[in-house]
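In what follows, a structure is listed as structure tokens, so that the remarks can point back to it.
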């Protein structure tokens, strides 16, 4: 049986002198509270505070990073407990969660060199106190140990939240969500700060499933005529204000491209009329999304919500998988993204507003040094979000710092956010970011490009202050 | 006179602790047999087993890496023994191979920092036992030493094959090749495993020189009416079966882009009719290539041949050079390549088949982390070929691992292949790959991201098992 | 108060063994004269040899790297002494240069990790002998110390030129510049070699402000009818000859893309007629720029001027800033650039001429390994300029070497050039390049890919010989 140990020096640079510097920097940040300003955990967990069911349903079936790797090596989704959509044929036989876990355990070598392995090992060792490696031989031990632990008080969502030293955690909801769990949380008296974020894609993207139905729901919630452009904008204003009252400090926009537009009133009205018909052209849909980004920036300037833009994912690339299992099963693929001409209309209108805060993310690393660092290093309104999704990894973070710092500096970036629905992995993800940033800073110190005291100050900024400031938390 | 020595630690990371780990890993793989599942050596060498002529004709004139560098610095092709095409004017005076070699020797400093230098020094030192550096002063010594050695039994192709410990070597042939050398090899009783691979570009690409003539030859070889779409597909099936009987386990497709298409029967027939006319539009040619890739994937699913796609080379970028000397003289230039939308039609049709194996290569490194690793880390049918051509180099390999591993893992890659016509450099190329991979693994171990025993297992997988498995050898 | 010290080992690799090699290599190049073949200093400085006014006007207000960073963090341009364009409203109150300097000083932490910090610290410590760090508390000390020093003889432009050991410095002028300062310099008897370079954008780009007026001025200077295509070309020839007589060895072309074209005589004449009308289409403007690049290459073949191409900057991305302050305030943003098809018409015509020297730069690092190194490693006429502008930085230079050397080698690159208008930073910039190149070479030596003596030779080539040779100085 092989031991599972997390080495104290993991992820630090190998050179002994640089490692020593990194270690010292890390001591100053390892215990700082976690600021998690952008993510996808379920607020129901914290509102209800019910125990998680078992190892498989908590750690395997909902994790699209894990699903995609196993699927890529020929493991059927059904065998991992992923349920086909209602009506999809053939129906899937029910899966024993333990059997699914065994498949995962015996395939765990596939994750060598991946961030999933880092996060999961942390969860196993630090959260559950397991001291042997996951593999076929230890599958049942893991399953039983984790599933039993989950029944205890220490593993209830609120207990974990506190144990993880989370200062604030943002979830993400749609404008047509009534935020019952956030309301319940506010009423509960629990001290944990779980806030929402305004993610309007379902009522902004004419190609979103059920767009027109969503507009109807939006009308019902706001009393506005959401089939008139003016009413539609008013409805946004009202929901943004409501989200703000539920703690939101930010909005989030997940568009296929970074295209923005700044249409005149009449042109915008005419476009809105076209995209609220049953059939919408791809060009109109794109133009509407583009225009609304600029509209949203204008509203952010009014109400102070920080604006996040997450472009460049080709959603549901695999039509067979999508037909059977639906969204978020690991089949979203990054695409090349143009920020220079894409963001220009928005920036031309609002980019010079120092009171506005727009945080841009990318899945296209080739834009770091060429486009994003130069843009963020010039426009007062623009900041760079951390390495995202596929790039939320040790090498991804290193490339982010190596390719953005020289042009944008550190202070046009916003610290780390975990962007995850895998609640238990949140501390692991922040820990990876802190270690990698300390390693990067240590390298600068070792090359005499930065003083020790500057690096120590920066380490705290990157781990804590920048996120708090950028997200107005 | 300067000594030529290959240092035992060459290409390992500089940090002493990491280097020590790399060294240990390398000891476990340095002597493994060579699996060479994709390359361009001439099967006639092994069938005929005749001696190579001299240093220049073996090592200089056919090596497009070497030609391009010398040409870029103003050395005329003719002076290196490259013959103009018949009819090209002015006619070139015959070149003394020794004179060509002297030019090469006195320009050898141009190769500092390039992989050609690594490969050639290995050939000089390890294969020929030369102990001084190549430069103007040693040009004749080299020429004489090598040319004399080549006459001995130890330097016949089969002897080198055995001495190089090659377990299997694939060449690449066109469907209209009758594979006489492979037949002769099968009949010869020699134990060396030299197999073919099915490279149908000359009968798939309507813009290939002599496309219609090639279809005629294909008809003659198969008895099919290759001007009917149905007959054309049958002819492919027959030639694939024949290639399989000659040992082939794979096909290879060298398209200008990664575009695929999945046309309906009627549409495909109509397109085929258009591309078999004397004048073909660029759009039709591209669409036909795109469609046939999907057709070939379907045939691979039937006959089990592994499918390789090598896109993104702008062939013959230099029209003056092409007019005088023809193809493969170092004037092919990589282009930006879109895999996400390009491969989608094929993957939508066949990407979920775990029984299908498609290996994709790229000349566009910006696609590693953004497109290829995410695609291969999801689709069961897709694997990533190693760093290719211009990127078959120490830094190219490092970037490949650094940018693909976190998302695709190691097991969606297929080990190394040398892709070369420079037979004598094959062991050098595999040795570079083994050293770089061991260095990469050592780095992961040193950063406590991988255990020693895992790294040791992976080193063997990357050097030997993965290629054998992926190519079904 | 914190000490300002430049560490002797700054920017060298951290590993002690590699660092020791780098240190030795650097000893061989640190004192070599500076070749500055491309830049934007003002020839009036050297012609007039008047003292610089004060710290702010010398080091802060004209430095677009510094302005952009401060502006990105909300510092108004006006507060830094940047004057709005005449007629821009509201008018700006005059700014006390000391007040501007204090803002800069108190924001100096923003530059952590940027090359500006490296360059400025060098200027402070090495040129002015300041021994404490710039921060709010030392702002006045800096301002007074620098401003006083500037009044002394040692800080006159010519004295600095000599103290900096500059062997040759090229400025950049337009064809309609009469080069009064270069004439004065020639007449002055001063030994410093300050030459011009031919930058014809104002008379080549139909979208340049005042294009038609510029053609008129060009006509006046040359006696040619610059509204006829033939007269226009003759005017270029005459001005190129005049620039050559003023020391120029090169031309420079700053186009939005790398597109070239090679039109027939008639087509070119017709296009010229269209672009010399008051309204010009974007497509015609682009085609004209593209065609003239090929024309300029032809003229370079005649007159021997080295041709530089600097494509891929989206100029004046921020329309509000441009309207108020004009050009060159830090709002130019790099764009994706296609060299493979873009340069092909020019290279097809002239790329095989070893007597022609074309130096290409890029702001799109994704083209290094994929496009530029393969092109420069093949075409005799093509060489690669150093890492440019946003990439003129330690990491930018490392990426340049790591991504170009294996395919293009060292000898298809042209050494370093500083490309700056910040005169005092010139030695700092060359020092950074020398340190990074020595570090890169040291890495190759440590990995046993290069011998010590080769690295030593290369270090001198990269720091001195290559620039001198490539620019024919």
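Order of writing sets the labels: A, B and C. Residues in every chain begin at 1.
The working rule: a contact is a pair of C-beta atoms (placed from the backbone, for glycine too) under 8 Å apart; a residue touches a chain by one contact, two chains touch by 3 or more.
None of these values were measured; they are calculated from a predicted model.
Novice: Have a look at which chains touch which and call the overall pattern line, ring, star, complete or other.
Specialist: complete
Novice: Do chain B and chain C, two copies of one chain sequence, contact each other through the same residue numbers, with over half in common, or through different ones?
Specialist: different
Novice: If you average the Cα atoms of chain B and of chain C to get two centres, how far apart are those centres in Å?
Specialist: About 40 Å, centre to centre.
Novice: For chain B, give me the residues that contact two or more of the other chains.
Specialist: 13, 15, 366
Novice: Give every residue of chain C touching chain B within the complex, in rising order.
Specialist: So the residues of chain C in touch with chain B come to 13, 15, 17-18, 338, 340-341, 344, 347-348, 351-352, 354, 366, 369-371, 373-380, 382, 402-403, 405-412, 443-444, 446-451, 453-454, 458.
Novice: Which chain C residues qualify as touching chain A in the complex?
Specialist: 2, 6-7, 9-16, 68-69, 71-74, 109-115, 117-118, 314, 317-321, 330-331, 333-336, 363-366, 390-391, 393-396
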